[in-house]
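The structures considered in this document are given below.
Look for chain A in each of the two complexes below; its partner is chain B in the first and chain C in the second.
Then we have the complex of A and B:
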């Protein structure tokens, strides 16, 4: 259902280009000047209406923070880190996180459906950012509040790298790692990465000079001992070899499992047995 | 407002010049105007300007050049736009009235190839390696779109993507201008289809993407092992002077400097990968003090760190 929403949002964003431009723009040919991180954009105004209607979105609370490199980002893989200033407790938690890249052809990059099992709703992933654009995170809390943070990202170097065309037989290989080991009953970081070209459909093959058809990871479901940690609906604004760093709270031995589905009905599973470290 | 942006850009360009401590005052220009300097008998550099792609540098960051022989001229690289290409041609014409027999494009970067239409309208055949031509066809429409957006329609007027008149696959000798010139090719190195051009009488090499000097080399298109091999091959040749892709005229020390940069970058990135660093930490954590004064340390170097990290991480995953 979220997928259908994303498609409809894509169409909305395409329409949005004709909307009047509210911020200061350079007169002759150049880029917009003096863009602030907190500024809106015509694309975002349209999307916001489609996604959240007239609901208030708090940009000043600091409840959610978005960290992205502001200089010289590598547009093919821009790391974005979402930090929630809120522990995930049953009484109040971050229920959903949306990542939006205003200027991308499909601006809604990811929708995460979160649980209290994460302990702390911090997520790092990597985005494709085609051009100078705002990147936004919107956090929906379990009490219905919406909070947001945004950054204006300048990617450098107009040319994209030639895509990797080797090792296609490895598509879907899904790896889970605990970079800081197991922290019993506390938020424990996990690195999840899927070997996948995440082709957008807009890239040309540099050998055949023909378009590479779209082929990307659409969803990931992560569980621990059969309990849901989070689900993610994803789009091709997520960079090649989709990568996520997130937390979960282990309470004992169990299997950490990631089920991955891609746009060509490919299903892949990654598993990691977690043992209490004593 | 446009004026204030220009001033800010000028300030930036000046700051970069100062920081880079560029060796040859007088030959450095910030306005991107073409200016030919003879670096060896009959061999000329048309030096680009340091800095980022903006409305001050006009993205004219790459060097071009030419070799004048008894029966004609060989041009190397074409600049960033049709307009830039015309200015480079006018500057060549100021030096010599001999006909330009061919223009070679050394590698697939916007500041070396988008002037090509100016050469074509004069009937000058455009030559490049087949792999470079393929890469250009695959991505340069996007680069051109970005350039138009940054530099404006006026500056980029008449600039289009193109198909080369001559595509080649291997190293070869050129007997076009009554003076021996060798096209060097080392397989995939700094980029697929990257070539260098050697003037054999003066042992001057136009190094294209293989060598930058006092400017951070860009690893995005590279095969690093191939690049190291190519640098080894260049080192074994009796080269006396180097026209780098970016930056002022250099001696053989540029070969070692690029080698050292690539080695330090790789070592640091692998170290971060072993430590389980997140990609967001990588650009800051890859500081290389030896190269902090080089042009684009704050941009290309930071991007290089991310490019290499992502590439090495992928290889680890496939193990």
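Then we have the complex of A and C:
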């Protein structure tokens, strides 16, 4: 009886203390909040030097704009929209776009190699963001200028979020759609989606309690009537089922084609025949 | 997919098939200790030390129960409108009709909080609210009617229903109806911000971890995106 009472006393005391002194669990937030969208970070300073050396990166020109919500529904799927204020003309165009998530395990999420065939270098996608971090876009123009914009994002857990694995039988399925139909000789939006888990290597299999090996889309090459629209080098910082909205300028009938390669050397192709009347 | 409480060591699920709110799960040792307490035997002297120890234990247990039970949910300082669910045929339904009506009458937005009685992260958020009530209650009260929906981790997305007027939708359908990206996964705790017409005011994040500081809570109330 004494033992039972002692157990009860100890357990009750522990419970009472845990309830009475909630500060013992006070993890509440605690992350820095007074961070400006345009601020730098140690991670970015290191990366910037490696990627661009001492080149000037203009953050005030407004040539490129990044739209990201301060808080997204999930860290594993943060919507990102890049808006270029420069039409893609032969004389001057956005040649390359870099998307960087400062504090991700692999911060360079994507590098897009663009052409004038896009008409307008606007791109939308979804990212994994692992902890409170700046997300940045750097636009390299055809004349060599670098322009940037950044947003501070308050989400976490994007690289280790529980994976959605209900579409593994469709892995690699690549879909192309024209959500607004065809706009002949004008920038026409395209939705491209690849069914792919884009595993980061940081996700835990709840059954085996083992980490799921990384397996993600490495590159996408998009062409229209055999002319390059863009090439993209990608990383697992792109959300599962990588999705992109971009523009192309159709000049007549042709095939829109996306060639996808993943980190296990899987090759997939999506095609869409575009007719002027679509 | 079942509900997720973003905790590295998820707590035990609440008992299936019980009406809400379920009992708080006790560690087996403690539960056994309470139920195994023998009745005092007549005719034999019971030492004062033992009596004192037993009384202290019982009082501590009772106090712990009372505190744990009262700790669940939005603190009373915020004058929340508490909605208990109707549980029937495996459905746990929260009726938002009265809350919407009151928000319309009072010209206030709705701050709808879905907590689970057995979710540690719900307790963290509620503790944060309690500890910062002096800074936050006025900010909440100015624009918001707080609605406190009390659920349990055992209530999965497919079992969770929201009723507004004559229409009752399960979690996924409700979220798709309001265009909320969190349709894929039910997370405890969850917060929605609605206009009095039940139009979502802002896409909210899963969980409450990104607004558990006073400045960040104010960002949410001020719809900073």
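Simple rule for what comes next: the second predicted complex is superposed on the first by the 239 of 278 C-alpha atoms of A that agree within 3 Å, B and C clash if a C-alpha of one lies under 4 Å from a C-alpha of the other, contacts with A are read in each partner's own complex, and residues count from 1 in each chain.
Quick note on the criterion: a residue touches a chain if its C-beta (ideal position, glycine included) is under 8 Å from a C-beta of that chain, and two chains touch if they have at least 3 such contacts.
Quick caveat: nothing in here was measured; it's all calculated off a predicted structure.
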- prompt: In the superposed model, does chain B or chain C contact more residues of chain A?
  reply: B
Partner chain(s) touched by A:71 [first = chain B, second = chain C, both, neither]: both
- request: With the two complexes superposed on chain A, say which partner A:53 touches: chain B (first), chain C (second), both, or neither.
  value: neither
Message: Between chain B and chain C, whom does A:243 touch in the aligned arrangement: first, second, both, or neither?
response: first
Intersection of chain A interface sets (partners chain B, chain C): 26-31, 33, 69, 71-74, 77, 156-157, 162, 164
- prompt: Of all residues in chain C, which touch chain A in the complex?
  reply: 4, 6, 26-27, 29-30, 32-34, 36-38, 50, 53-54, 56-57, 60-61, 63-64, 67-68, 71, 120, 123-125, 127-128, 130-131, 180-182, 184-185, 203-206, 209-213, 215-216, 219, 224-225
Statement: So, in the complex, the side of chain B touching chain A is made of residues 1-2, 5, 52-53, 55, 108-110, 134-135, 137-140, 142-143, 146-155, 192, 218, 220-221, 276, 278-280, 282-283, 298-300, 302-303, 306-307, 310, 313-314, 317-318
- prompt: Residues of chain A touching chain C in their complex?
  reply: 1-2, 4-5, 7-9, 11-13, 15-16, 19-20, 22-23, 25-31, 33-34, 69-74, 77, 154-157, 162, 164
Message: Considering only the defined contacts, which chain A positions touch chain B in the complex?
response: 24, 26-31, 33, 67-69, 71-74, 76-77, 79-81, 124, 126, 131, 156-162, 164, 167, 170, 173, 175, 177, 179, 191, 193, 195, 203-207, 209, 239-241, 243, 245
